[in-house]
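By written order: A, B and C. Residues from 1 in each chain.
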Amino acid sequence: MATKRKAAKKTQRAPKRQASKRGASPTTTAHRAVAITADARRPPKERTAAAAAAPLAVCESEDDFQAMLKVLRDGQAPVKVRLAALQAIQAASFSVLAFEGCRGDYIATLRQVAEDPDPELRQRVLGMLMREKDGFAQKKLLEGLHDPDKALLPPEKALQLLGNDVHADTYEVARAIARKPPNEAARREALRLLGADATAAPLFEKLLLDKDELREIRQIAASALYALQPDRMQKHARDILLDKSDYDDIKATSLSALTQLGDETLSDDKALMKSVDRFSTGKTTARYKQTARRFLSKYGR
Amino acid sequence: MTELQFAALVDGIAADAQRRDGLLDLLREEHAVYRDRSATAIARMRGWVLLALERGGVSDAALAFVLEELDTGTDPYLVAAAARALRSYPRPGATLVPFVLGALANIRYRDEPLSFAAYGHYAVSATGTSAVRELLATLAWLGRHAKGAVPQLEALHEPGGLPPKLRGDVRRALQAIRDAGQGAEEAGAVSCCGAQAPPPKCCGSAAGIDSVLLEDHAGDRIGFEAFFGGQPSIVAFFYTRCDNPLKCSLTIAKLARVQQGLAAERVADRIRTAAITYDPAFDLAPRLRAYGQDRGVRMDAGHRLFRAVSGNDAVRDHFGLGVNYVGSLVNRHRIELHILDAQARIAASFERLRWDEREVVAKAVEVLRIGGR
Amino acid sequence: MDVELQINNSASPGARFLTWAPSPGRIRMTNPAGATGSTVNVRITSASAASAGAVVFRRGATGAFANSITVPVPVNGTSVPFLVAGRFGRPSTSNGDVTIEARAGNTLVGSVPAMVRIRKNANTLTPAERDRFVAAFAQLNNQGLGRFADFRDMHTNVSSPQAHGAAGFLPWHRAYLLDLERELQAIDPSVALPYWRFDRAAPNLFQLDFLGVSDSLGTVRFSNSNPLQFWRTDGVQGINRRPFFNTGSAPPGLLSEAQTLALGTQYRAFRTMEGNPHGMAHTSFGGSISSIGSAARDPLFFLLHCNVDRLWAKWQRQNGRFNAAQAASYDPGAHPVGHNLADTMWPWNGITGNPRPPTAPGGALAASPAAAAPGPQPTVRSTLDYQGAVSAAARMGFDYDDVAF
């Protein structure tokens, strides 16, 4: 085994040395990298490492591009190699002008792989398609939320990816999941998604004011309310800061919110200033005290 | 109604020559069938209607919907369906060429493989068609009317133009244009780009509109008639979460240029400008202000961005707005700008296609002058 | 006796920001009381703590820089020019941490606080530097209502041909970052855009108090005191970023700095770094930053590109590639519009409509009181000589902690 490992290492190093001896251009090196990635006889580690050098060549030649797509589609190839090929193709896609001719096959292949048996591949590919607001991906993810037998991803991930398009028809299903979540992560993602729904402001008010609610949920609620109804957020942030029984973390969030959005009327609010001043010198973390001082500094205290 | 039921409905209407005009009704954005659908579902549905129009032939009345998709469409399926539908229009002409070329420029870096095999079918192979291929086929169809497009097509055929895979389609288009012979290029029956404002719409009595309370970008509130009465005004519609850069963002940026045009004509104090959001629950005053500032819009007492804090339905009815919603969020809308007279009645409208700032200014000045007599 | 010191030819405190590249300074007598001749020899020097910024001076356009210079200042109020620069390796850590002093003999006759404001490795920022940067960035976003919306709108699928896949990739992003940085400086002038050195571990960057910690889904979490918790783009709250690597290490598969700099001595070869390390850095994550149309939704994007720009700057310094007249400094030949040396760049040129995008968000490139270049509508050419190495007037007012002048 040790002997075999040493041999593999030599093979891994060799292409780079040869390239520098010949003074190979980056393009030549990239073409060779594609060939190595596509070669099923090579060890997976070597193929994965080679893929990193491939982005330059991916769309330069149709043969190279198809070779990389084939690796991505190849259910027999090690998943790590397929993921590395995916990353290389995706990196190449940033060169938009050069990638124009590749885009059709790229999208088609992503759709094929969206239903791959490997969950990580599915997740990555569906994420890439959803960031393009692809109707195919959206349809699949929504189907999965309505019918778990058809789900390609866990509900929390599906919700997160669907959030890439505010015009997707997700608010109803998000509300249902927020009311009756299959797990906490799904509830959290459903609430994040609802942060774009203007009618959800009352829900976020309720969550923000609920001291029994999870800290992270209250933080999400604060952020959502801040965007949907900033006046209400200012009022509640103030109330939280005056409430001696509420938690320091939500006070810190409230202070951050008021430092950013608070209007000049707060300057005359003696009770608020006193409360924040106490917070800045009281028994809380140094970070939170600093947050309080930043707020006080904004209002010239 | 499920999407498949919708597709069957469309197919049924398309198959019946007596009912084909009903397809146009299904292209109205405000049609109830689009309520609570996602934007991508609407793209599938509208695309299917356009393909149905192709089978029966696009009429003059339907042409506006087809051209709209070419003018501002960003969904490859819809753009491709529009390109195909255009090929069934009985009177091709040179005025259609800029729409096709413009669509090609808009969609080429966002294209995707397409399938028209069945409703809701997505291509998982790139061997079929795409929006660019359909647009090139439409240029070929335009034949001699597309002579003006030859230089651009030749540039697309060169290195640095379209990818090599598509150059065959470009060559076919060029060949078709050249083979169409030396016949005269005809302008066609269409006059382009919103130059013809449709006749004034409804609403002499403005019933319900007096209940509308507007809040502007500064948070100040005013009744509809208090702002729009007494002087002519220009009012556009938009929303800040619109993700089509050819629609709302461009509309508001162009409104800023309209304001400059009014100032150049020295009528900026005699013609008001406004933009009203389709999304009043989300587009609160600070959001309106930021959106306007980012696009260089003049905002003061006579020039405002609004949301309807009450009576939003009355606004929709009054203007016959082409908009629909999924929940409270807009899922589809058309471009629409209206010029109101001093009685807040609609005097002229620019709908669907991107309007020209100078035409809007000219029309508004005309309304001002008519009102002054 | 009193003198007035001006930095960057301005008395405004907003101009007192220095980089490694020399800035023009001026000194003039404002109160000649006690002067006996027509001129007074004034020594210009600086004072700062060991951990603070340090500056050097030079009388004329050539010669060595020194810790102090002596200039004869006319008592009639005529200005005397000099040059001042940050001492390489001694950037400031806060605004005004270095004082430029003028002394007649032992008497202090004038002084101004200044800052050697340098783009630094984000992983090594002090907590105060980090907090100022984060606060300014969050303010720029202002939960979706701030000027950041324009920067997000500049980098979309629609606009991507203006900035990617052709020679202008590096110049466009240089102008983009500079525009953003100047907007941040309008909020807090002590802020410089830090860079994410992606070929090295940067564990301090991916923390709750900085750019956040990703959970297993890729949702980024912030501490309750981090104003980035209110980050909002496209009307949606939060940031999605799922690292495919342990953020205590560097992402695998990226070209190292040395490998990147060794891509070639001609610009045409060097700019292939757009694929690796640039593209590979983007795609070391899932989430917004991994797709071109959504990448600018993640604040990390700007630190990633700051490193890309630093690599270009280092390559320029290494190979002397500041002069656009040299073919090796840029890609010769014809390029798509917006990528040729003489082209102005969208959106700053305000040109819309095919072949440019339909709108031009953000307007002209932000001005700076500390540097006049590149002007409101930069050309591709104007981005090359960012230090003023060829022409002093081209200096843009930014520098990197490890790229000397």
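Here, a residue touches a chain if its C-beta (ideal position, glycine included) is under 8 Å from a C-beta of that chain, and two chains touch if they have at least 3 such contacts.
If you're wondering where the values come from, they're calculated on a predicted model, not measured in any experiment.
Participant: If you average the C-alpha positions per chain, which one ends up nearest the average over all of them?
Facilitator: When every chain is reduced to its C-alpha mean, the one closest to the whole-protein mean is A.
Participant: Which chains, taken as a pair, are joined by the highest number of C-beta contacts?
Facilitator: Highest contact count belongs to chains A-C.
Participant: On a C-alpha centroid basis, what's the spacing between chain A and chain C, in Å?
Facilitator: 27
Participant: Cα centroid separation between chain B and chain C, in whole Å?
Facilitator: Comparing mean C-alpha positions, chain C is 41 Å from chain B.
Participant: Please tell me the distance, in whole Å, between the geometric centres of chain A and chain B computed from their C-alpha atoms.
Facilitator: Roughly 33 Å, centre to centre.
Participant: Which residues belonging to chain B are in contact with no fewer than two other chains?
Facilitator: 109, 241, 243, 282, 286
Participant: Could you tell me which residues belong to chain A and also touch two or more other chains?
Facilitator: Counting only residues that touch two or more other chains, chain A contributes 96-97, 166, 196.
Participant: Going through chain C residue by residue, note those that touch at least 2 other chains and give them in order.
Facilitator: Residues 142, 144, 157, 160-161, 234-235, 336 of chain C each touch two or more of the other chains.
Participant: Help me check something: in the complex, which residues belonging to chain C touch chain B?
Facilitator: 142, 144-147, 149-150, 153, 156-158, 160-161, 234-235, 334, 336, 352, 354-355, 357-363
Participant: How about chain B: which of its residues touch chain A in the complex?
Facilitator: 36-41, 43-44, 77, 108-109, 111-113, 120, 122-126, 130, 162-166, 241, 243, 279, 281-282, 284, 286, 326-331
Participant: Can you check the complex and tell me which residues of chain B touch chain C?
Facilitator: Spelled out, the residues of chain B in touch with chain C are 102, 105-106, 109-110, 160, 240-241, 243, 245-246, 249-250, 253, 282, 286-287, 290, 294-296.
Participant: In their complex, what parts of chain A are in touch with chain C?
Facilitator: Of all residues in chain A, those touching chain C are 25-27, 30, 48-49, 51-53, 55-56, 58, 83-84, 87-88, 90-99, 123-124, 127-128, 131-132, 156-157, 160, 163-164, 166, 185, 188-189, 192, 195-196, 215-216, 219-220, 222-224, 226-227, 248-250, 252-253, 255-257, 259-261, 287-288, 290-291, 294.
Participant: Help me check something: in the complex, which residues belonging to chain A touch chain B?
Facilitator: 62, 96-97, 100-105, 107-108, 111-112, 133-136, 138-139, 142, 165-172, 196-199, 228-230
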